[in-house]
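Some notes on the structure that comes next.
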Amino acid sequence: MSAREEILGRIRRAVAEAPEAPEAGIPRAYRTAVPCDDLAGLLAERIADYRAIVHVVPVALVPARLAELAAGKRIAVPDGLPAEWAGPAREAADAVLTDPARDELGAADAVLTGCAVAIAVTGTIVLDAGPGQGRRELTLVPDHHLCVVRADQIVAGVPEAIARLTPDAPLTWISGPSATSDIELDRVEGVHGPRTLEVVIAI
Amino acid sequence: MSGAGRGRGSVTFIGMPRSFRENAAEAMQDAQLGRNLRKATHTIRGKRARVVEELPDWAELREAGRAVKDHTLRHLDRYLLQLEEAVTRAGGHVHWAADADEANRIVTELVRATGESDVVKVKSMVTQEIGLNEHLAAHGITAYETDLAELIVQLGDDWPSHILVPAIHRNRTEIREIFRDRMAAWGRPAPEGLSDEPAALAEAARLHLRERFLSSKVAISGANFMIAETGTMVVVESEGNGRMCLTLPETLISVVGIEKVLPTWRDLEVFLQLLPRSSTGERMNPYTSMWTGATEGQRFHLVLLDNGRTGVLADEVGRQALRCIRCSACLNVCPVYERAGGHAYGSVYPGPIGAILTPQLRGMGSELDNSLPYASSLCGACLEVCPVAIDIPEVLVELRARARHPRSERMAMRAAGWLLADQARLSRAQRLAVRLRRLIPRRLPGPASAWTDTRDLPEIPEESFRDWWERS
Amino acid sequence: MRVALFVTCVNDTLFPGTGRATVSLLRRLGCEVDFPAAQTCCGQMHVNTGYRDEGVRLARRFTEVFRDYDAVVAPSGSCAAMVREQYPRLAAGEGGGFAEAVAEVAPKVHELSEFLIDVLGVTDVGASFPHRVTYHPTCHSLRGLRLGDRPLTLLGNVRGLELLPLPGAEECCGFGGTFSVKNPEVSAAMCAAKVDNVLDCGAEVLCAADNSCLMHVGGMLGRRKTGVRIMHLAEILARTEAT
């Protein structure tokens, strides 16, 4: 008998006498929508709690702010990054690496991307490898991740985010810079992932 | 607690075959360990309490989490088959392993097929449970742990002592020594003049592992959740070592216990709220990776592991332990864990959850495993914080009923039962105690000295309550 | 109101003063108190140490002894929790009408402070006790029965009593029944932390709704010659004159 059949058989015998636990009996009385009248403000506050850098910027001023942030850096950008973000970065940066291969990633000081969804309550940005977000390694190897969030991408809580996302493409949920508390429970930002997370919230 | 006999050769911790009491008593001799544990558990306990307090619907989330897990376990066969189909459809390969040996063999073969002799690993309880690193080493494959705490444990030739923070028993000075003395044997040496600041130690780990991440061709992980509906795997982490391992290598092998499956994508809306707040005491952990099948050109293998879980599932009372999402909140509030430390439990699963899981997975044959259900005062703090409402005290009491009891205790308990079975007997014994009350010494010999070594006995009163009632 | 006193085996044998205080308090509040003499023990020690069969025999006896009463009062959070929480589980696998008896009796069993506040509706029992007191909420009262602030409400209304907050109050004292002798090193360390907290808060008297936990902490308070006394909640609530 294969391990597969053996395990499935054991499971069936194990639960044969167990009480029913129907799907319909799962109580979902928790909040699936969190009321919030200032999503951008809450998101900014919660991201900052993780000691990430946050800029809340009117949409019209985003290109100028990105130019300022990109100045003097070698910036990696994914394919499909909106022209109004990529353009100013391209002009101000020392160099721009578009969708660089892995061996070029080490040369980038920072990476500039958009995101798919942002969660205000938890201060989370979610990347789904869509246009303007790139392969997962793009936002992992460079030490500085610059991420632009549009107001319409912000939801209040985790259930709203799950409802907007599908797992067809790989998802990366990011809540602050890389961190560890493995030494005496002292939180240290920056181990293997980007040590600086900088989020521009366009309102 | 370090050194002698603590080899890397077995799933059961070598050098820890004694009872929990003896292990705990020995650990308590180490004052530094005591301070490390106290500071760490109290810090994280406070953080958890604050972020749980923030959510007005915590009780409802917890109830949903419990119910989703119970439903899944009741129909585990169906959801595993659905998962297998979804993962396969997405280009992944699914393997089934009935026990540790089979899982180890499968993983070793998969690594061999790549021609590689080094693998990087994401922190995973289940691969420790099956002794995967040791098995790989015996077949010429070196597994490099990449989580900071696991790195500390691996370099120190040590055992993890906590689910979330495996090196919780080490302080910064000890960690600096380990890095300075041992990093060179495993790869890039520690920087010159390394300080014991946590930031400097984290930087040393970053430098030590960076090249290895970029060059490794094979990674091994566990998973926090698997979604049957979509075939999606979820790994929750903090440092980015997980993202490195899950993203960069050409081949990814995930070894996951069968109880980690969840039915639907939507179920994550519950568990991604319960887990981070219970575990690290954060609103959300820094990184969560989700992938479905073969992703971005990777080869993906999923090894589904039983290794005793179906035995637990068959147990009417004990099966609730399979709801566990390994958050470690129960460890952090447990007054016994706080004193004894994780090694005393002699298993990768320490603390209250370990005290109910280990005897069920391994059986209660050894003296240690037989003593684990007694490693609790039944204070109930673990149940209160458990995000999936595992009634740990209930399972402990159930396991105690199945434990082997010492002969002298059996006799004493039988005598007490006989005495209490009849009020006249009880009354006679009470009167006898009253007559002998002046003869009872302050310190008692034998087993009762366990009490009187540190605590006075109460004085026997001049008459029992029932005699007073009778008289008045 | 006619109530049955379940005094508990520990109180009966070692702390009869708590039983007497409970009787005098309940009578003062107009209750007619009965003490069914056939009572012995709820069976908690046996069940929690792994001797289920002996425990079930004692539990059956308990349900038979108290079945015909409207209300049962126990000056012990732990024993009340045993009956209300663990009996139904014990009964699940047993025959002989035990489950029915448990379903009938368990809901009628009240810990003292629950009975005073929830059943009698009294928060001021007219007691007087001019001393500095701290209260240890004991695990089975706090997390089992969820007594909440009931005992503190009652103590707060005692004349002259200064109630001092106990640091780390919700932490276990390390008694745990046979845990205290099966794991004495850990148990004693937990007890020592409790003792330190009691001394830190400056109380003369440590109060709780469970004499087993008080016996444990009191044993170390005595061994260390701290001078801090232990007193059951019932004994403070029964006091009417300044002492």
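Letters A, B and C mark the chains as written, and numbering starts fresh at 1 in each.
The criterion applied here is as follows: a residue touches a chain if its C-beta (ideal position, glycine included) is under 8 Å from a C-beta of that chain, and two chains touch if they have at least 3 such contacts.
The shown structure was predicted, so the numbers you read here are calculated from the model rather than taken from an experiment.
Participant: By C-alpha centroids, what is the most central chain here?
Facilitator: Taking the mean of C-alpha atoms per chain, the most central one is B.
Participant: Write out the two chains that share the greatest number of C-beta pairs in contact.
Facilitator: Chains joined by the most C-beta contact pairs: A-B.
Participant: So what's the Cα centroid distance for chain A and chain C, whole Å?
Facilitator: The separation of the two C-alpha centroids amounts to 52 Å.
Participant: Nearest whole angstrom, what separates the Cα centre of chain B from the Cα centre of chain C?
Facilitator: Their C-alpha centroids are separated by 33 Å.
Participant: Once you find the CA centre of chain A and the CA centre of chain B, what distance in Å lies between them?
Facilitator: Each chain reduced to its C-alpha mean, chain A and chain B end up 29 Å apart.
Participant: Touching two or more other chains, which residues of chain A qualify?
Facilitator: none
Participant: Quick check on the complex: what are the chain B residues that touch chain C?
Facilitator: Residue positions touching the partner: 20-21, 24-25, 28, 335-336, 339-340, 373-381, 383-384, 394, 397, 400-403, 405, 409, 413-414, 416-417, 420-423, 426, 430, 433, 447-448, 450-451, 453-458, 460-461, 463-466, 468-470.
Participant: Using the touch definition up top, name the residues of chain A that touch chain B in the complex.
Facilitator: Within the complex, chain A touches chain B at residues 2-4, 6-8, 10-15, 17-23, 25-32, 46, 49-50, 102, 106, 119, 121-124, 129, 135-137, 140-141, 157-159, 161-163, 166-168, 170-186, 188, 190-194.
Participant: Quick one: in the complex, what on chain B touches chain A?
Facilitator: 36, 39-40, 43-44, 56-57, 60-61, 63-64, 67-68, 70-71, 73-77, 80-81, 96-98, 102, 146-149, 152, 165-168, 171-172, 175, 198-199, 201-203, 205-206, 209-210, 213-214, 227, 230, 232, 238-241, 243-244, 246-248, 258, 263, 265-266, 268-270, 272-273, 276, 280, 282-292, 295-296, 304, 306, 310-311, 313-314, 316, 319
Participant: What residues on chain C touch chain B, complex-wise?
Facilitator: Those in contact with chain B are residues 7, 9, 11-17, 19-20, 23, 35, 37-41, 45-52, 54, 57-58, 61, 86, 89, 139-140, 143-144, 170-172, 174-177, 179-193, 215-216, 218-220, 222-223.
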